[in-house]
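Below, each structure is written out as C-alpha cells.
Look at the two complexes coming up: chain A is in both, with chain B in one and chain C in the other.
Here is the complex of A and B:
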C-alpha cells in the first residue's frame, strides 16, 4: 500500500476494521476542495449561494455555473468535482421529468430528495464505480411549501433550515446559525448569504464569483438565478461589510 | 401492448424507436410480433413497424379518425406583433360538446400555438411542448426558443407521425415574436406536415371563409386596432356560416414585450335578422 493509506481504501466494497468506508470519506474530502455552497430556508422561499473559485483570469465571467435548475420548481447548488455535480443534476432533471410524465404532477420535494439520495448511495455499493465527489443543496417547492435538502456522497440526505457544504464549511456554519431560518424574507436572505460567502472566502485562494439562486415568492415559485440587480446589490453590500470588518481589525 | 413513448429524444423523434436503437425495446416488439405473426402484414417478414398496436385488434385505428375537434383558428400579423383568435368549442362530431376549451397554448414567453382538429392529439402535442419548454428552462441561458424553432419542431413532429401512418389530426397555427430578427412570426402546419409561413393564416373552414377577407383587407403595418377589427369581422363571417363554431372567442396577442397574453372569452355581435333569414325557404326553391 503506497503513501499514508492504511489499506482497505481501494474499493467501497471493503470496510476497514473500524467500520469505515474510506472511499466515501475520500469523496467527502473532494467536496471540501470545491468552494463553499450555502443555503438558507426563508419565510417565503429558499436561497442558495455558491463561492465559485475562478481558476483563471481567462475564464469568461458567468460560465461554468454551479447553480442549476432541475425543473421549474426545483434547483440545485453543488460543490466538489464539478462534472460530478453535473451528472447529479442531470439525473435529478430526469427524475423530475419522469415523475411528471408518469404521474402528471410535479415531483414532491421529499420524493425527489429520496430518489437522489438513493442514486448517490448506489455509487457506494460496487467496486466498479466511484462515489460522487460532489455534494448538492436541493431547493424545491411543492404543495407543502418550500424545502431544502442536502445530499452527500455517502447517500445521506438531510432536510435542513440552514446548511453549508464545501470549503470552510465549519466556519460558514457558525455564520449561518446566526440567521433566523423561516423568518427572514428571501430578498433579505440574499444579502446575508452573499455576506457570508465574502466573509468566509479565504484570501489566499484564487479569485471567485458569488453565484446566487432562489426559489421564492419573488421568483413566482420558480427556481431562478437571483436577478442581476438584486444580486449586484447584495454583493456590493457584502463587499462593503467586509471592508468595514477589515477597518475594525486594523484599528 | 407496447407502450408508446411520449418522450422525444433529439436523435429519434417522438414516440418512434428505430430498430437497433434500443435492444430491450426491440425485444419487446419482437414478443408482440410473435404474438400475432398470423396477421400477414405484421409477421416476421414485414419491414414496417406500426406506431401503435393493440393485442386484440392488431393495428390500432382509433387514432386515425378525429372524434372531438376544434374548428378554425385565425391569425394575422400586424405592426408590433401577431393576433390570433379562435372559439372555445370542441365538437363531438357536430355536437357542441365542450364549450369552454382553450384552444391556444402559450409556449415559453414568445410563442402561442393554436389548433384545429382532434383535441386529444393536441393534448399530446402540449405534452411535447411542455417537455421542450422545461429543457429550455433548465438551460437557463436567457435565450428561449424562438417561435420559428418551435414551428420547425412541430413540422417535424407532424411529418414524422404521418410517416408512421398515424398522423396527429391537427392543423397548428404558430404565432410569436422572433426576438432575434425582431419581427413577428406566423406559420401554419397541417396534419401531414405541410407547412408555410405567411402574413395571415387560417385553418379549417376558416381557410375558405376568412382567408379571402384577409387577402382583401390585410395590409402591412396595420395597427393593433385595425388588426383586431379585421380578425373580429372574419370571426363574424366564420361563426355565421360554420356550424361547428360558437360565439365565444379568445384572442391572443404576442408582441416584443412578451409574455404573450390570451384574453378572457368574449362574444361578438351577430345579427340574424336579415330579411333572407326571416323566411329562409322563400328564396331557396326546392327547400321546404
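Here is the complex of A and C:
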C-alpha cells in the first residue's frame, strides 16, 4: 500500500499505484472540517440548511453567509473552505447569466449542474492548481420542476432527494433518510432540517448559526433565504426538541 | 445601366417569397411558395423554403437564399450542440429518448435572432421560427430584417406578404383546428402567388405537433382560383414512343 508520505499525494497529476488521487481525497477532508450542510427535495420545492460555525463572539451575527443565490431560479449552500465556496458560487452565477444571455432562457438545472461539475473537475487535472476544498448543494427550479444536486471536489455531481455534506455528514444522513422526500411540504421541511442541524451539532464545537434557504412555491419559485418568522419558528422548535431529547437522556 | 438578357447572372439569388406560419390549437403550420428568383428569372420553381432545425422546430426563409441557408445551418449546429448538453446522451430526465432532439422553440428563435442582429449590416434575411414544445406549446416567432424577435399567433414575411396582410388580419381565428388552419394558410399563399410576381410554384406546408411533423405539397392545379383568374388546366404528358 502506498499512502501518505510516499510521494503520491503531492499533486493531482499522479495516481497512486492503487489508483487514488490523494489531493482530491484531502480536499474532501477539508470539506468535512466545514460546518454541516443538508438539503431535502420536497413536494413543492427544495430546502437547504447550513450549520455555520462561528469562530468568534465578536463576529456580527447574520453575516458571512453560507447560502447564496446564483440566479433567480438557483441557489447554493456550501461548506468547506469558505473562499472556495465563494469562487464556486461566482462561477455558477457567471454560467447562469451567460446561458440566459445566449439562449434567452433560464439555465436548466442539469445544464448548470453539469457545467459546475466540469468546472470542479478542471481543478483535479493540473499540477498548478489545487482542487476545491468545498462542496455545494445546488437547489434549482426549471421547466421540469425542482431539483437538487450535490457537487464534490472530485467533480462528481449527483442528483439527490436528500443530502448531507461537511462535518458529521454520516450522522446527518441517517437523520435525513427518515424524511419523506418529494412528499413533505417545504414549510414543514424547514423545521425538519433545522431540527437535524441542532441535533447533529457537536457541543464541543464553538457557537453556530443555523442558516436556511429554499426555492419553492412559498417563495414563488425563486431562490430565497427562508423568511425570518418561518426560520425563527423552525429554530425555536429545533431547540425545544433538543431540550426534550436531553431530558429524556437524563431521565 | 441597361439590362442585358444575361444580367440575372450578376443579380443575387433571392427567395422573393411568401412565407407564413401560424399556431393552431395543438400545433403550428408553416407554409411557403416555392419560387426562387434571380431578378426576373425563375432560378428554381420548386424550391423548399421551409428548413428543419431540429425534431420540433422548423424555419421559413425569405430574402437572400445564400444568407438564409447559412443562418439556418449555423442555427442548426448551435441547436444540436445545445440539445446534447441539455438532453444528455439522448435522455431528457424522466422521459424516453425518442425525441432526443426536442429543443425549446424560444431558444431556437433567440439563437436565430442573435445571428440576424449581430450581422444585420451584412444579411438580407427575414425568417420565421415555428414549432411545438412541451413547456410553451405551439409558438411562432418572426425575425424580420433588423434582427428583432416578435412572438405572434401568426407571422408573414417575404415580398408576397404585403398582398395578404389584410386578408390574414380579417380572417384569422384563434384556436383553429389543424385542417382549418392548413386550409386558411394554403388559401393565403395562393392569393399571394396570384398577385406577387416573385412568388409562385407549389405551396409547401409543414405541420408540427406533439407527435412529430408532416410535410405536404399543394400543386398549382389545386390552388384556390383567385378573382378573374383562369383555372389551371391539369396537363397530362404522353410518353413519346
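Simple rule for what comes next: the second predicted complex is superposed on the first by the 247 of 251 C-alpha atoms of A that agree within 3 Å, B and C clash if a C-alpha of one lies under 4 Å from a C-alpha of the other, contacts with A are read in each partner's own complex, and residues count from 1 in each chain.
Going forward, a contact is a pair of C-beta atoms (placed from the backbone, for glycine too) under 8 Å apart; a residue touches a chain by one contact, two chains touch by 3 or more.
Given the structure is predicted, the values throughout are model-derived calculations rather than measurements.
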item: Touching partner for A:225 - first (chain B), second (chain C), both, neither; value: first
item: Which of chain B and chain C A:93 touches, first, second, both or neither; value: first
item: Chain B versus chain C as contact partner of A:202, first or second or both or neither; value: neither
item: Which of chain B and chain C A:244 touches, first, second, both or neither; value: neither
item: Touched partner set for A:177, first chain B, second chain C, both or neither; value: neither
item: Which superposed partner A:68 touches (first chain B, second chain C, both, neither); value: first
item: On chain A, positions contacted by chain B and by chain C; value: none
item: Residues of chain C defined as touching chain A within the complex; value: 82, 85-86, 88, 92-94, 104, 106-107, 109-111, 113-114, 134-135
item: Chain C-facing residues of chain A, complex; value: 102-105, 108, 110-111, 114, 143-144
item: Chain A - residues contacting chain B, complex; value: 65, 68-72, 93, 97, 101, 222, 225
item: Residue numbers on chain B that touch chain A, as the complex places them; value: 6-7, 127, 131, 134, 137-138, 140
